[in-house]
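As written, the chains take the letters A, B, C and D, and residue 1 is the first residue of each chain.
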Amino acid sequence: MKRTGVFICHCGINIAGTVDVKLVASELARHSGVAHSEEYVYMCSDPGQNLIIKAIKEKKLDNVVVACCSPTLHETTFRNTSKSAGLNPFRCEIANIREQCSWVHKDMKKATEKAIKLTKSAVERVRRNESLEPISIPVTRKALVIGGGIAGIQASLDLANSGFEVILVERSPSIGGHMIQLSETFPTLDCSQCILTPKMVEVSKHPKIRLMTYSEVQDVSGYVGNFKVKILKKPTYVNPDKCNLCDECTKVCPILVPNEFDIGLTGRRAIYIPFPQAIPATYTLDISACPGLLPIACGKCADVCEAKAIDYDMKPKIIEEEVGAIIVASGFDLYDKQLMAEYGYGKYADVLDGLQFERLCSASGPTKGKILRPSDKKEPKEVVFIQCVGSRDPELHCAYCSKICCMYTVKHAMLYKHHVHDGQAYIFYIDIRSGGKGYEEFVKRAVEEDGVLYLRGKVSKIFEENGKVKVWGVDTLSGKDIEVDADMVVLAMAMRPSKGAEELAKKLKLAMDKDGFLAEAHPKLRPVESVTSGMFLAGAAQAPKDIPEAVAQASGAAAKAIAILSQERLFHAPTVAKVNLNLCTGCAMCVSVCPYDAISLKDGKVEVNEVLCEGCGTCSATCLRTAIQVKNLTPLQIHEMIRVSLGG
Amino acid sequence: MAKLEELKNEVKRILKEGKVKYAIGYERDTNGLLPKPAFIKKTEEADKLIWEPTCVYNLSRFLVDEKRKMAKEKNPDQRPIGLIIKGCDSRAVVVLLQEKFIKRSDVYLIGVSCENSGVVDERKLQKKLKGKKAEKIEFGEKENFVVTTSEGKIEIPASEILAERCLECKASVPVISDVLLGEKTKRKADNPFKSLERVESMSAEERWAFWKAELDKCIRCYACRSVCPMCYCDECVADTINFAVTADTTAEEKAQKIKWLEKSPVASENFVYHMVRAIHLAGRCIDCGECERVCPLDIPLRFLNKYLEKEAQELFGYEPGFDPEQPSLVACFKDEDPQDFIR
Amino acid sequence: MEKILEKKSLPQWLRKLSSYEIYAPTKEGDLWNFRLVVNPESVDLSHFQTVVSPKKIIFPQREVLLEFNSNEDGVEVREILPEEKPTVIFGVRPCDAKAIILTDKVFGGDFEDPYYWRRRKSTALVGLACTPPPSENCFCLSVDGSPHAKDGLDMLMTDLRDRYFLESLTEKGNDLIKAGKELFQEPKAADKKEAEKIWAESAKKIKRQVKDVKRIPAKLKGMFESALWDEESLSCIRCGICTYLCPTCHCFDINDEIVSSSPLKGERVRTWDNCQFPDFTMHSSGHNPRPDRATRLRQRIFHKFQYFVERFQNYQCTGCGRCVSKCPVRIDIIEVLDKVREYGK
Amino acid sequence: MAEEFEPTIVAFLCKWCSSAGSDLAGVSRMEYPPNVVPITVMCSGSVSPLYIFSAFNRGADGVLISGCHPGDCHYIKGNYYARRRIALVKKLLEYVGLEPERFQMSWVSAAEGTKYTQVIKDFVKELKPLGPQTKLRRNR
């Protein structure tokens, strides 16, 4: 029979104060299979560990049980101790007689009885442990970043600058995301494009970064360190190497469609460049708008292109890549205007959303930085800003707070005042959330220096009347009805996960929270890890965030990814599920309960992918014949632990 | 009502065409009222077949033996087995498909509709006949059974001698089949859990007394598990050998095989056995009632399995045996699953 | 010694037997089972066949053989023999009584099983003649039995509607009568005649039989490898009914039921075992010499009509018909034996 | 006078939430009755009905299963499977006549040392009046 050694720690008086450690030691000495049992004042101390090593060698122990503090503290310590004495680390188990016993009980007799049971339980477990070696996996030292917004850009640069190859995949023709559309950023009011474009250029020039715009991730398989990805490169019909940006093509293109970059405030051609500083700096032929590729259909752009950059025969390409880690930064979109009909958004030209207002303020915007109403190009003298449009509205819209609206609305009001000195800005708000460095001061400045008028309350009705946008609301502080004849209304729309995020989550097998944002592994302790190991989250894809937070999380995600990529090999805990093929009938119930898709059906029996398995054991409890069991915590071990726990 | 001739002809046809390796149905026993399972290999044997209200067995049970047999053979005959199934039996087949124990191509299903009757409960019948010996029972007109006794024929309303499970039937017509004999007049019991009220109405202590008395009787002949199509585990937790011995099984492992329960037929161990069986059948038992029929001690096992069937339906909206594609009861969940019992 | 007992006096007699543990068939739902008698008034000998035979009283399904207990100076073992308390079983059918004689042969001989014999010796079997046959599957006549056979009984009672006709057959029987002597009358010649008449009528009512069973043992010898076993076991579901309910089956298993592993404490327990269970012959190597239903059915038939006959010159079957009546799939030993006899003709 | 009945509870605690929660109770020196013997499992979803029946069969006066709150499972959804499985087991145990108080489940997060303490206190309080669990217990 296996020889087990038991070592009881006094932890000074932390344990010995309530547990009769001598009695525990003598009781355990009588327990079957126990070849050695002793107590010591501090087992984790060097002398304590030496006792263990000595005993293992002299008494030829096969197993070690240390009855001490919680395994979360010293399990590793004592497993290494056992290892140094030539035992497999998994032949050491901890009995937690401090946190779960001495610290929570006063009655010495009862606490001692319990400590004895807990220690016996650990003995019964450890003597049935298998010696296990960590599962070692090779690592592909390359990362995939999905999404070319500020988060994706930051993560890519951090990875690349640490010397790892990066594939940055962006769905639209240019990177930059929503940040590139912004005019200024709060609370510093520095120019968004001025601070972003250098990073965009760095990305495009970086030798370690392979930028794939106008591309989408099609399929992801594999596991941490070894993902296989399929990326669809949509045809732009323009050869970037040949294109010299002469812009002749757009002049002849007969098609006019709303310009996404200006959120429909302007139009663009079927062949277009999203914005002057676009990266990559090239044109894209939007086939969904183009009358057709056959020269008979139109073909004007090709005719005028002297560089012969336009190639109608360009075909979609599928690129297959292998990467070791994936960072998802798929970003956000604004809440769908169709759902906001009550505020007349999309119905009245002068009711805008925040991004449109950004474009109006932007020097590169449709009005070259002058704030003019879309309807009649007049300068608005009274502007109403409304916060929490679609946010914090569980009945009709989103229950959550979109977090950044308070701040960008202040910014908008301020920018407006800076453009239109004699204008009046009203802000309807529920309350003002200005947590963040310099944020509160920013709000004060708006109110005190720029005379922005805050009205606490909700807007009940918005409608157009003789050239004005009438806003009815209630000031909940004064209780008075408010009626503003505004020239323009700006809605701080809720942030939603970007369109296609759900589809993407499915491809990556990532969990989503109830609002459709990507779920982190743990809300507090693992905020940048996804539930799938090797995949990380950055930016607004995970939850509404402002730029500094998105950047911080991106760098965090990059650091997490680097922690994987910098390894020669990865090591995975070997306490994984194991199938008894003689008992397995292939009902595959375990396959459907496995949270990690670690189990699959192969000719009538199931098999476990040890790399994917996290050892949770749900499969084992689901299996009607316990044909699948987690190593070192098997039903047999638990059965025996139950027995001794009940004095058997 | 499914015509016996159609039944025979169909079996003959599939045997003649070599569609199936053999067919399983019912044949008259030389003595006693209940038929025997008939294993028909040659077309001429098909004339033995009968279809009467005494055809109680859930023949899908025999798929388990066939599967075991095939596992042993070098190159087994891959043709399907012709299986005669009632509504309840068909639901068992669905569960076996759902659990991938069999493939659809393993069986050729000859469905027979029970329509507005079902099968008899021999115990009820004996009471009804007060000592008279029934020799034969046939489906009669308008929900009556015609019973031939030593003293001639009598008509008895089916409802009076039907098996309890038939009175609570959820599928009087097979839910899956390759051919279906008999009219497809679906009948659904207004309360498929009526019989449970008897036990549910008891107080906790009465229920304890009830089950204690019943399970005390158990002699662990395991007929309930042996007759159950869902108890197809090669080794049952109730067996003393409950792990498969392989070349690398150590002596220590053998010595330490898990004894979830002792072989002793005492209340405590009997409870473990029957509770494990009940929980393992939750969401799988389709109430063919065989376990209760075969119990030599008349332990009302349906009350156990039926109760969990009811709870699964009420708590999780789960009904087994209708859709082979649906995930198993305990292999899925809904966010809104009840949790009021959790602290 | 022959006596007449008014039916109404039965409870008084039982009360006089207060020094005995009395077992009698008791109705539970639709079934009869032997139970310890607590209230003599409730005893009713109108029973048909009990589900389990009275063997379970002499050879209980669970029996503690010994207790073990480890302490400082090693493991202490204590044998636990059943106490020899006088016991009487009423309403024993002749077939079940005969079965007990057959079991005696197994537990007797060169090595006497003390647990069995302690109970056996202290138990009196009071039989009740089968008038009418208690089961439609009775076939005692085919296996050297009869509805009023006396083998193994200490007393045979015959139901004469309002009275019982008693024949004491042994000392144990006489003691039972002595205990309640004033309750009995001397039988008249007519009484005995009436009893004999009823016996004869009853014997006629036994419909089922195994034709010239004598030839079976010899015939079986050549049929070990026969395909018959496969055919006949096709519908067998490997349950234990036929054997657990059989009054002559006596196989058992021995297990240690551990109460505590340290200090080691537990009981060594003997329980019935069953040759129809797949794991009955399972070796710890994983090899199973009787891997399928065919070999297990063959074992059952061979044991009863071949091995036992060779060893003890009796069939190990008394024709009670329980295995026929209770088989979930109606595997009928009588049919199987007929097929054996006709096999290869 | 006779000593007050002290029930024994076997508690299956998931490693990441409930066991951590019980550790927190320890670190915060919260006192609770010593009647509970914890067995740490990886996830509440790994608790097989067999463990529960076995514990009662071996003489447990009460059995507790404790896992992460819905949505917080370290293994994403193990506790949802547990919730469903345990609901059935609880129904069954009560159906055969075991006192409902004897089998309980709780959600205890790593931060809920106080809650863990409370759960144990309440459990013990509810078990005391019931006396020893003899119904499913193996005779000794």
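Here is the rule we go by: contacts are C-beta pairs under 8 Å (C-beta built on N, C-alpha and C of every residue); 3 or more make two chains touch, one makes a residue touch a chain.
Every value quoted in this text rests on a predicted model; they were computed, and no experiment measured them.
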Using mean Cα positions as chain centres, tell me which chain lies farthest from chain A. C
More C-beta contacts across B-C or across A-C? B-C
Compute per-chain Cα centres, compare each with the mean of all protein Cα atoms, and return the closest chain. D
Hey, how far is the Cα centre of chain B from the one of chain C, in Å? 31
Separation of chain C from chain D, taking each centre as the mean of its C-alpha atoms, in whole Å: 47
What whole-number Å value describes the gap between the mean CA coordinates of chain A and chain C? 73
Whole-Å gap between the CA centroids of chain B and chain D: 35
Quick check on chain D: which residues sit in contact with 2+ other chains? 49-50, 54, 77, 81, 85
Give me the residue numbers in chain C that touch at least two other chains, ranges are fine. 259
Mind pulling the chain A residues that touch 2 or more other chains? 593, 622, 626, 635, 639, 643, 647-648
In the complex, go through chain D and note every residue touching chain A. 6, 8, 10, 20, 22-23, 25-27, 29-34, 37-43, 45-51, 54-55, 58-60, 72, 74-78, 81-82, 85, 117
Show which residues of chain A lie in contact with chain D when the two form their complex. 70-72, 96, 98-101, 103-107, 110-111, 113-114, 117-118, 121, 511, 522-523, 531, 593, 595, 614-618, 620-622, 626, 630, 633, 635, 638-639, 641-643, 645-648
Touch list for chain C against partner chain B, complex: 28-31, 33, 51-52, 61-62, 136-137, 208, 234-235, 237-241, 244-245, 253, 255, 257, 269, 271-274, 277, 279, 282, 284-286, 293, 324-326, 328-330, 332, 335
Contact residues on chain A for chain B in the complex? 1-2, 128, 580, 582-583, 585-590, 592-593, 601, 604, 622, 624-626, 635-636, 639-640
Chain A-facing residues of chain B, complex: 99-101, 232-235, 237, 243-244, 246, 252, 256-258, 260, 280, 327-328, 330-332
